[in-house]
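Next, two complexes with chain A in common: one pairs it with chain B, the other with chain C.
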Partner chain A sequence: MEKLLLALLILVSIALPSSSLHEDQIGKFDWIQRGIGSVHLAQFDESGSADGGPARRLVVATQHNVLAVLNTKNGEIMWRHVLPIGATGTIESLNVQEGKAVIVSDNPPLLRSFDVLSGTLIKEVPLKLHYKPDSLYGKRLVQHDSSSVTVAHLTSNTAEITRFSNLKTGAQEWQHSISQPWISSESQCGLTEVSLTCVDASLGLVLSLPFSRLGKTTGKEPQFISTSLESIGLSVAVTSDDDADCKFRSIPITLQNVHGSPRHLLITSGESSSVLQVGSDGSVTPVKEAGASSGAVSVVDVTQADDAVIYRALHHKQAIRISGFSLALGTELVSRSLQFSVGAEAAVRMLVVQQYQRRGDGEVAVRALVVMHDDSVHLVASPGVLWLREEALASVLAVEAVDLPIPASSVSMHDHMAQRAGVLHSLVHRVMLQGSELLSWLAELLEDSLSPSHSSPDSPPALYRDEFNIHKLLIIATASGKIFGMDNLSGALVWSEYLPSIQPLPSDKLLLFLQRSVAHFPHPPQMVLVAMHKDSCRGVVHTFNPLTGEPTGKGLEFLPYRISQASMLAQNDQQFIKPLLVVDTSLGVHAFPSGTELSVVLPHKDVLYIATRNSTHITGHSLRSSTKESLKLTPLWSQHFPPGTIEGVYTKRPGDKVHSAGRVMADRSVLYKYTNPNLAVVVARGLDHINENLLGVYLVDLVSGAVVDWISHSRVSGPVHVIHSENWVVYTYYHDRNRRHELHSLELFEGPSQANATAFSSLAGAQRPPLVERQAYILPFGVQASAHTITEKSITTKCLLLALDTGGIAQVARWLVDPRRPMSGGGPREEGLVQYMPEVHLPSTDIISYNQTLPRVSGIYSAPTGLESTSIVFVYGLDLFFSRVFPSKMFDMLKDDFDYVLIAGALLGLVAAALITRKLAQRKALYHQWK
Partner chain B sequence: MKLITLLLVVLFQHCSCQNFQDGLALDGQLIVVIEDNLSSTSEEGNTWEERSLVTVRSAKLGQVSISHTRPWNEKLSKSLQKLSKSGDFYKLRLHQQGSKEPNFVYTFADACQLYASGMREHINLMIDTTPSAGLLSQSLVGASLYSPEGRLCHSDVSRSIKGYNSTVSVRTPVPGTVPDTATYIQRIEMANKEKAENKDNRSFFAKYWIYIIPAVLLLMVSGGGQEGGR
Partner chain C sequence: MTVRNSSLYSLSTGAPKRRWGVELGGGGRKDRISDALPSPPGYNPNMQICSETQRSPDSQKLVVKKAWDLALGPIKGVPMNLFLLYMSGNSISIFPIMMVGMMLMRPCKALFATNATFSTFEGTQAILQKATYLLGNLAQIGLALYKCQSLGLLPTHASDWLAFQEPASQVEFVHGGFGLW
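Here is the complex of A and B:
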């Protein structure tokens, strides 16, 4: 009976309004965009199309280990499977036949077959190898057609080739181990139906091993057939060796498989490329193509129909031409060529062509999937581009939100108000201005009422700030080198700019800094992107206007040095630009924009820290020895950070605000917060003497080099996610021994008095070290990425935003993981602190992504809005998700389901009642007087 | 009985011996060499001079002592005053004595503050005591230097510095906190026990008769009314 009552109570409490999202609010404040990543394998599914018509579905496999099926009508994802990250999930080959998509992935290799229509896994066959393909078996090549699978592993001096012909059982037909001195895991090789073909730039040869020879010469070492590169008509591009430690060293000559043909390979050297046909005897012959220019030829597709046709994509600036050459005739088939233009000046990376019979006249028509180097995916037919997907958005590296400008009419008033004049003059001026504003507003109103549909649908909506500054522009920098400006409320792309010559910095980051905001009218806003050059690994700085994407100032600058660190000063120069300081690898300091007067920089920046990547120590440098003419760094402090290499240095977000300087204790005394702006969390990981994982967490003052706190976790492994704000630090990790995810929380206090309430100085010397409160909590899930909410004035309580392994984005109030939560229930209690509970509860109402699953989240970005209660959240990774959060509920705004009618009705009713009763009372009093 | 006493003595000796060995083996004595640099930061060149030795007997227990190998002299005072006037830093370089390739650790303090306080300095050494791969049981990781009372600084006043006035402290890593499940479970068990003790063991009817009887009466009355109305 009691249980029944309890159940009733729960039912009643559920029925009451809760703080979470209502079903009808889904999509009101949030949006989600699903992505697949950069496509590297694709094939049209021809089974669903009626009598040779165009295919309805397109199967793609991406470098993000996603297998997906796209609708060829609109490019929407019909289904997708996200395979594990890293080498185990890499999709090595794709073969679509009879409504089934067959892939080879995993280690040891697995043959999986999916139903194209529904996405269900039909069959999984392990391909049995006689050796264990671990990390020693470096490079894997897979050749896969309808009847057989060939797997080759290349290691130093050895190639292991295995052929599987029975795809039902995974039994091998034959396997061979070949030793050659020139084979390495970096060898450029390609597997065809009949041979293993490699190209070696140092030998200047194309080496081919026909499989037909393998069967006959048992016991004897099979010989490679060599063809010189000159006979093919290619020369090896000479590369300079001065950038030997550049991470992505360009390979002088590459060999890749040709889509659609198991007997052709594409060889590329520098700008020129050629298609090779491999004969069953191992002979390699270049395919002669009439009219194929030696220019920017990129990708080829061979269709093995009754007449084999080679398709090539040539690009000239933004125009792309796909032309078909008949192999039998050796002439160009003009009717089968396509022409279109793309938005960015990018080269074609991949081309997949489908030939089909047009329904009306039975002519052969052509449709092509074009993947560009900026990761955009286009489906092209004779009328032009049918649809386009920006898959660069699946690899976002940096996000920054920019406030939108206020409309020009209100700007003019603010601008003129700044002029100094007499009181009367300014009054007259103001009245006139407001009068003109009123007139323009009336004119606008009139115009609107006369022509309600005057805004044409194709013109982009005007980007102006809304009432509460929630509408912003998100500037997104991606790993492919494409930068986007995105409307945060709709997710629509406002502009995009492709920089083909850049790549992420060695730490896999791109840096975005907003040097000038929109607040300095008439100066345009300015943003700067710091990246690395693709070939030389030297620094690149790109300055642009974030509202339009157009380059400003010097635009794209190629620097003659490599970048070690970049940071932006908090102070403006006379042009309201915050200078960017770039430190190169030989400790030179450079300010951007390059004309910046050093008198702006010097008084504000004293000590810079330099953390070398994968090192064990950090060195602090001073700018004090700089002169007015040039900046100079001198080393000041150096510290080691055991137990291993430094994983990350996490400073506070620039401009991090602390609303109240102290915290009221249970006995009404005040405990002051330790808000050192130079404090950073340094995380180092290594192994101890018995090879157990160790994690060292340091709180370091980056100016003085003093360590404020030092925690050593034993048997703890990563990934470590750190959130650092105000006077607290929260980090998550995996505990090896307890086999669970844990969260460690730190809070720093100066004590009952403040040393210097107005200005903090790291060099003043600590009177006493700060008090550090520590506590650990159990997390029920693992964490993919973390951040905290940011509001305008930091009055609202902060929330942690955790992207969970389960795919949800959890909003966890900071007080839930407060290290000061009391262990016992007795005694006076501090405000807002409940008794300690070891587990952090994550109720489903705190998942801001409700039932949406977000796989592979790589980061969360949060920005304040004009409303103190509201903070915007942008989650990026494979998918993009945007939402608003209200960490302390919506205290400064009425709920959108607020009942205005009821309130107004009640108010009117009360006024009416008051009037009537007053009248009645007056009359009664009058009667009383007459009596 | 004798045997037990003997065994106890042996055990006791064994234990004390082990403790003693722990003290030696895990906290092997560490000597840190401190060198200083009184030249201006903008000047080039290595002008490091050895000035003190710090003996760390046990980092965990905070047993440290400092001895100065170079006495303070007037020339050093002059250089420090010069540094302090130009707003420069007094720099220290530390390394472990006896290591083949010295792993230097650098730190600094505002020269003006040190000068104003009369060379009162506080050196904080970071000693790693976790047994990690490739490192000794006690190793110097970092250091920081500051003047304990030197926030206000007047470089114009010339002071006579009699000698070093050094204090040394040691910081060792704090082991990471583990979620305190034991106390929580204990608390829950206590609460459950309390609940069990205070549990009302009466039957359902005995507990709620005051609600049930009026309800039944009401039903009877209303039912009777209906019957009567028929």
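Here is the complex of A and C:
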């Protein structure tokens, strides 16, 4: 009997329709773009080119702790290693020799050697330090070549320098601790192979400590050799220090290592820069360049061949010129200069040059890797740019999907649809417009047939909305200040705009708001980016057209205050623009665009809440005391959230739709949902009295400041990922005691009756507290980022989208983590609920990224399409991944393998058969009559 | 009595095709000949035949009884229907649905055809009969509706109207978030 059951079970499981992707569908609805992050170390691998030709591989290390090898032909990643986040994975130095890429990571200092060709780890040597490295409060400098590694650790007043010369065992050669009053963890220092060289702007000196002076014994304190900045020909740019607490204030003078040379340093002050050569006795001499520049930021590469050549990249607007300057000859080598132009007006951040013998004539040719401040990576040769990688896309901070416009021929139809009219009127209107559309289509067809070579193949395909509005434009704002418009179906970049003067807000955020969509023809769509100025840390608002990237209105606006809060209102003004409210740090309110009629803001009972970072309080402010002339905030409530600092406030997505007002119970009564649009989840973390982790989760009505419900989890640590939608909340955390990831699910209900079915007010009288259903589940994986699917009308069931720490993107059905799953089998069951099981079972067919691994996912963005069943998903992080998901399967669409030919054939055949048999039957009847 | 080949006759008169016809009454051109013949004995052509049937009081009673039978039919059917409904159970499957459908359709149709049904019966009790008939049919409909109710087919629960409920409008709006500075 049991065998029979088992057999039956197997049969059923085989017969179940698979919801996953078929092998031939890979890449049909999805694409993936691999990234490496912003490059800070690079070296050409010259071992692959036997006859001294151009290198085939390029080894790069990035600020995202990625070590990768790029193909120099096309810029594709040959392999990459994603090292852990934080000091453990930080790559401090890179040295490529004899087909091996040797890196030194920061803390603990590890020397690792990789095979360039295959990417395998050849050896790993720990570098033993005799002091306790404290990377939190120090600055580490690493210099290494094929035979030795030097590590310097700068803390306040002290510099620890350690030299390792045996790279097989990691044993020290010597170690010295130097005390100087001017040394701090912010000191601008550089390690060369012979010295530690620092620059101190307040002293106006370049200070250099040659290692030859340190000797083997630690006797008296070694002395720094000082050189005045004037003798180098630099002056300290005086910056007005009015923004003293601006964390990111610019450093007046910087010292950097130079790629390709262990004896040169680049000193930059303001706009001018100079290359310093450090002698083995610690003497610092500036290199005299013929074309030394002022007025352009430059980066230098020195190649130690027969004669050292300094390459300097100068940029003038979008044109970049890399010129070589021979130290031996003292002249510029015109034949080795490169010129090219880039799309964005960005300065060069890094330059790595390779000289090689050209195969034909044996002349010396030059190839250069140019990394710009917008994180784009170019490989340049004499013909121009060979390839380009936009590595800004590895640090995406904000994404917004914009609908594409409708073709001009049918604009008229949608133009007037917004007008409210009677059913009959709109029907007549619709029919007339459809008729005119048909006519215009026919006219187009006629025109096409008359002139077949109508469209030239060179012109890029115009971006228009497709039938089901799946084709959209993704607007992506990145940490480098570059904004992209990306075609969501192909992943191709439509436009890009670099804003050199902005940086992310201190909470590492950029805010994107779509103020006006494309639906308001002839008004162009409008989007606004909220960011911070690089130097002053004051607010910046950039208004642009999301379809083209061109600035509209005032474009880039520099605000005279710092931004504390920015959010978009829900109501349109006369121009169909949703105004942006910006709150400065002294609680002044400003509306954008600045000419906005305040009447849009005022009739609504708007509450603005602000959660200060690293505090335990949230305050709510009301706009009610504003007048027609000016906006004013008055404090309304303040709420304290123990046990520690507030980690996040998670509101619902603005415009979150709830399709069904309640849930049908087994006895056909209704359990009404508690759909408070002003509800937020506040997560606070702290320690309890025995220093165990404590997590407080609060459900707060942000209008009244009332805590609707709260839970305290003891021995629970983060990262906490919260998904909040409709009337449910799902959050994931790590349970310290059980040592596993868990998922907590909450659902709120008003009860069997509704207080007010037509309107929801947080302030309406004495409210009953909602019923809160909760259940916890065990997750077999950790979570990197989370989101939920969004569809147009929210009829389709919602799915949770979880980026797993194993690298997959999982689509978890909501019913699987429903808090109303019954504990025991008894009693009537609600529809679609199975018995509670603590483990969340995740079949591999629910991994929408199938076998692709996505490391370091920082966020998931979901947007609705014109099809109710379909939602688009964009996953960003180090890599970009786009896909479509169908949470309730494709109920409103035919499968893409639907056999149209067969169905049409069958239909036509049946019609034909019916006609023929009718004729035959008629003939037969006639014949029968004549009989 | 004349017996003739009627095919010849039919050609002249256009009567239906008959191979042989036996004409008892005579007619056509031969009428004049028959007029000359004397009537058979006992036949009086001028005598009017009047066969008025006199209704007996018994048959009158019979009609009333018949009408009452008809009027009480639906009510008499109720117990049987009750039994049938009981037997069919409360599970939703094709047979109970068909039965309920029939049970609902039949009395409705009957109600619309009430006047036609009673047109042949006339009498002093017609109104009473019709009322009874109506009540009976209504009882049948009620029975069918009760069955619908117990099958759960009637939209009497709040959950049945849930899909038509508009989402509640928002009175207050909240903005803001984590402090950006």
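Criterion: the second predicted complex is superposed on the first by the 826 of 931 C-alpha atoms of A that agree within 3 Å, B and C clash if a C-alpha of one lies under 4 Å from a C-alpha of the other, contacts with A are read in each partner's own complex, and residues count from 1 in each chain.
Note that a contact is a pair of C-beta atoms (placed from the backbone, for glycine too) under 8 Å apart; a residue touches a chain by one contact, two chains touch by 3 or more.
Since the structure is predicted, the reported quantities are computational estimates derived from the model, not experimental observations.
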Is the arrangement of chain B and chain C around the shared chain A a clash or a fit after superposition? fit
State whether A:L763 touches chain B only (first), chain C only (second), both chains, or neither. both
Counting only touches as set out at the top, which of chain B and chain C does A:R624 meet: first, second, both, neither? first
According to the stated criteria, A:H640 is in contact with first (chain B), second (chain C), both, or neither; which is it? first
Could you say whether A:H316 touches chain B, chain C, both of them, or neither, answering first, second, both or neither? neither
Using the superposition on chain A described above, determine whether A:M823 touches chain B (first), chain C (second), both, or neither. first
Using the superposed model, measure off the angle between the directions from the CA centre of chain A to chain B and to chain C, in steps of 10°. 60
Output check: A:W710 vs chain B and chain C. Expected answer is one of first, second, both, neither. What do you get? first
Could you say whether A:T675 touches chain B, chain C, both of them, or neither, answering first, second, both or neither? second
For A:R653, using the defined touch cut-off, is the partner it touches chain B, chain C, both, or neither? Pick first, second, both or neither. neither
Shortest span in Å between Cα atoms of chain B and of chain C, once chain A is used as the common reference: 13
Which residues form the common part of the chain A surface touched by chain B and by chain C? 756, 763-764
Could you list, by residue number, the parts of chain A that touch chain C in their complex? 505-507, 509, 511, 530, 562-570, 581, 583, 585, 604-613, 646, 648-649, 651, 657-662, 664-665, 668-670, 675, 677-678, 702-703, 756-764
Help me check something: in the complex, which residues belonging to chain C touch chain A? 152, 157-160, 162-163, 165-181
Would you tell me which residues of chain B are touching chain A in their complex? 41-42, 87-89, 91, 103-110, 113, 122, 124, 126, 128, 130-133, 135, 139, 141-144, 146-148, 150-151, 171-181, 183-184, 187, 204
Per the touch rule above, chain A residues touching chain B in the complex are 1, 619, 622, 624-625, 632, 634-644, 686-689, 691, 694-697, 704-707, 709-714, 716, 738, 742, 744, 755-756, 763-767, 774-778, 823-825, 836-839
